[in-house]
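Both of the next two complexes hold subunit A, though its partner changes from subunit B to subunit C.
Let's look at the complex of A and B:
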């Protein structure tokens, strides 16, 4: 080793670069002034409180929450059986199916949003909310399949084979033997999916209509018209929400091994 | 392993059909439109697109920033990963957790911090004026440097994670052994660490490169219309000009580059194993 001071310095600088900006937005949100500045002009909580009063933020937060929760649940309903099939059966065209399901990770989100707008929303008369829901489900699906698959691969398959041999139905074996054992993997998949969906921007860019906008898109358009510290305060609150989720998930699930 | 393959297919098919119908089909139609002019198959759209100077500038800038971010994050990533791997278990977990944490935070929030730092009344401008280096605020936002910094902060964790897991597989004593045998640190890096962690570098590099190419938020917030990248150009073409042909062409370019990088990654990892 070249001495620990050098290594401490490198780690310190890297973490400052990665984490430091969050402390800056937390502080910028605490400003008492009307314009974004750092160091803040005096201290007050008014921008943190104002965030809750802006109606568009409340509406878009509710929509983002709805998409993140139900989109992820839908992705798990589709993804858990697919992950099970991929890890336990030798299905025909298995590789093709894996590639198709993984595709949403590779295709840039902005293209997906545009394509859905042009070929689903407009011709088929889908509502924006439905299109958003479908897009977020498809987006989270690859993560759900990947996390649940890795959890299934760590579970020996002879347990459920034993259950079937002892007279349990295949379905019963899944619910009574497999599911309880991959619980934490499914939960980790839910959290990862929730966070991915909630923070998602490019897919939702084109999928917004009057009064229907996800929170990040709403923030983007809000910061185009105003230069007050409320977006900093909201950013800080969202960052804090993620920190709490990740901390709790890490504590109870050992979340980082799934990411 | 169960033998009833029809059952397995029935379990996997809903997910595949869902993705194919809602994802691949619409995207496929969008891409195919870029190959048509007046209902005829043609590459004319691509020639027209490539002939416009703005498009050339944006394309080259996107590539340049992608490579630059990947390159710089590799340099920082190696230094950081080497230090992290050499920490003891408890500290390693904590530091690694702090590196992963930003990935879970909204990219809008992560990018917005740079407005506070680089803005007209931000820290950097305050410091510049405080030191008397300039009387008026310097424009730092809406520059390539701002976009570069934003992208680097966004994607550096991916590089560090890839390199840390590659280095964890490094046998503990190779570095001390090389040192004892007289190698200097540069030789240790180029002859020992680099060849043994190539997979991690390629994986991290691909993630960072494709991530930078397809990032929207960072160029939108920190670059604006002055520093367009392919994604922001696509958005602008559609929103300002209803130009779906250009949008389809940019989409094709982005997908080809992302797939290309992914294929390259598979090639390299297959060749090694």
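Let's look at the complex of A and C:
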């Protein structure tokens, strides 16, 4: 009995440690005072409402959304064929390619950001938006390849051969037989990529310029100037968005299979 | 070669540098049901994949109905293949699985529906048209896979171990089914099996393969009663095979003399042809197993171990018992020496 008691305590503490800050942030955003504080200084919804009135939040939210949606779509357009090629054909150094594709996860974001700034944005005169888009695509690509690979590995290749013998071209077999059967893997990769891109800080930090910022970076700079509870309110809303997305994904896709 | 419908000429097949089938020559007539028989790993699947166009030829050529198909892509050959693993499309129901190829042909809607329904009823699955493959039993999936290929009306239908994933009862059912479908449609069929009884029961002709080479080709009667090589003899139940040397035969443990004159080469006996209870040779019972109508024995003899069997009605010999036996001329298969 003491064993279960102790393990429950540990689980409880771990959960508190993981989820506790979330509740602190929600509460801090509910403050009626003018400064970020916990416990909150009175109760009101005004900071939650103010979030929607800050112009720069609206702009940076739109940019973050754009990057998360289109960066992830671009990563999937590159990643799905790559994953398919690696799993179906005995490509020389297939495993090495997978590792290299994973580099952006392993290399610290600060370095990736600096490298992109130094060697893409400055010398090639890329616009910041384009650089951000490329960076987010690259960051999401490893997830796309991994997640799609794992659902491809569960798919037997003789199905495609059967489709070919029934008259399909190889490409036709991919669209008619492979894609419908890895649908949920692709969707899972999209969600994972979306969340990853949306929450990305270090790379975006280097590539943000005047007037072009992703939401997390904008929140950082907002806090440097204004120390009011609206940042806490916004954080709580964003966390809620992630939770809802992951919850829905788990419910409909069994998301945890892929991650 | 005018009578050949499917013709493999000097076909060589390889994975990378490993040649699996060195030089295959095989002619199959229109409407024939041919069994490709051989132990696991002898190149049966590889040969089927080559005929279907899923694998390119290392050398040689394949023609179907007089047309050289060696360079024709798999989707233009008009060859159907029923995969050992069925390879059904999991996201489509039975109806759509069967309709898949017909839709690609852009046939009129009503014709597609008609042909799919006919295909499903041929294999007795009309009532399961809306089921997904995952909701069907192994036998049903097998039949669905067959229907999917049949509705395409292929020139040649290949079946890779079509019965091996089924349990004994279903296997018998599917056997009859295959025979019936073949008779009704007249489609030329080549099916792969490693089970000699399946080949004997179904095929017009049997191609016995070993290590990518045809050991013997003939009717069931030819292969069962007149196997021409040691391998073929062993495969069709002549399990006691001994080399002839002069007036005696030699086994792994030694030689014994025989009472008749035999040609040089090998002599082989089925277990049932070994005469138990009397004869010039001595044996000790090493193993005994009851097999319904028969009792199967393993004997230790001067030749080495031999296999024998006797009707279950006869008195049984216990483990360790000593007895006499004979390898009579009657029932001996003579395999001439290779030259």
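Here, the second predicted complex is superposed on the first by the 253 of 259 C-alpha atoms of A that agree within 3 Å, B and C clash if a C-alpha of one lies under 4 Å from a C-alpha of the other, contacts with A are read in each partner's own complex, and residues count from 1 in each chain.
Definition applied: a residue touches a chain if its C-beta (ideal position, glycine included) is under 8 Å from a C-beta of that chain, and two chains touch if they have at least 3 such contacts.
Keep in mind the model is a prediction, meaning the values are calculated, not measured.
Undergrad: Looking at A:68, would you say it contacts subunit B, subunit C, both, or neither? Reply first, second, both or neither.
TA: neither
Undergrad: For A:79, using the defined touch cut-off, is the partner it touches subunit B, subunit C, both, or neither? Pick first, second, both or neither.
TA: Touch status of A:79: first partner only.
Undergrad: If you stack the two complexes on chain A, which partner ends up touching A:169: first (subunit B), second (subunit C), both, or neither?
TA: The second partner, subunit C, only.
Undergrad: Counting only touches as set out at the top, which of subunit B and subunit C does A:147 meet: first, second, both, neither?
TA: Neither subunit B nor subunit C is touched by A:147.
Undergrad: When the two structures are overlaid on chain A, which partner does A:180 contact: first (subunit B), second (subunit C), both, or neither?
TA: second
Undergrad: Taking the superposition on A as described, I'd like to know which of subunit B and subunit C A:159 touches: first, second, both or neither.
TA: second
Undergrad: Which positions of subunit B touch subunit A when the two form their complex?
TA: That would be residues 1-2, 4-5, 7-9, 11-16, 18-20, 22-27, 29-30, 76, 79-80, 82-84, 86-87, 95-110, 112-117, 119, 121-123, 126, 153, 156-157, 160, 185, 210, 213-214, 216-217, 220-221, 231, 234-235, 238, 244, 247, 251, 254-255, 258-259, 262 of subunit B.
Undergrad: For subunit C, which residues count as touching subunit A in their complex?
TA: Touching subunit A from subunit C are residues 52, 54, 74-75, 79-81, 83, 85, 87-91, 100-101, 104-105, 148-149, 152.
Undergrad: How about subunit A: which of its residues touch subunit B in the complex?
TA: Per the stated touch rule, the residues are 1-2, 7-8, 10-11, 14-15, 17-19, 21-22, 24-25, 28, 35-39, 78-79, 81-82, 84-86, 88-92, 94, 97, 100-101, 103-104, 106-112, 114-116, 118-120, 134-135, 137-138, 141, 145, 157, 170, 195, 198-199, 201-202, 205-206, 216, 219-220, 223, 231-232, 234-236, 238-239, 242-243, 245-246, 250, 256, 259.
Undergrad: In the complex of these two chains, what residues of subunit A are touching subunit C?
TA: 156, 158-159, 161-169, 172, 176-177, 180-181
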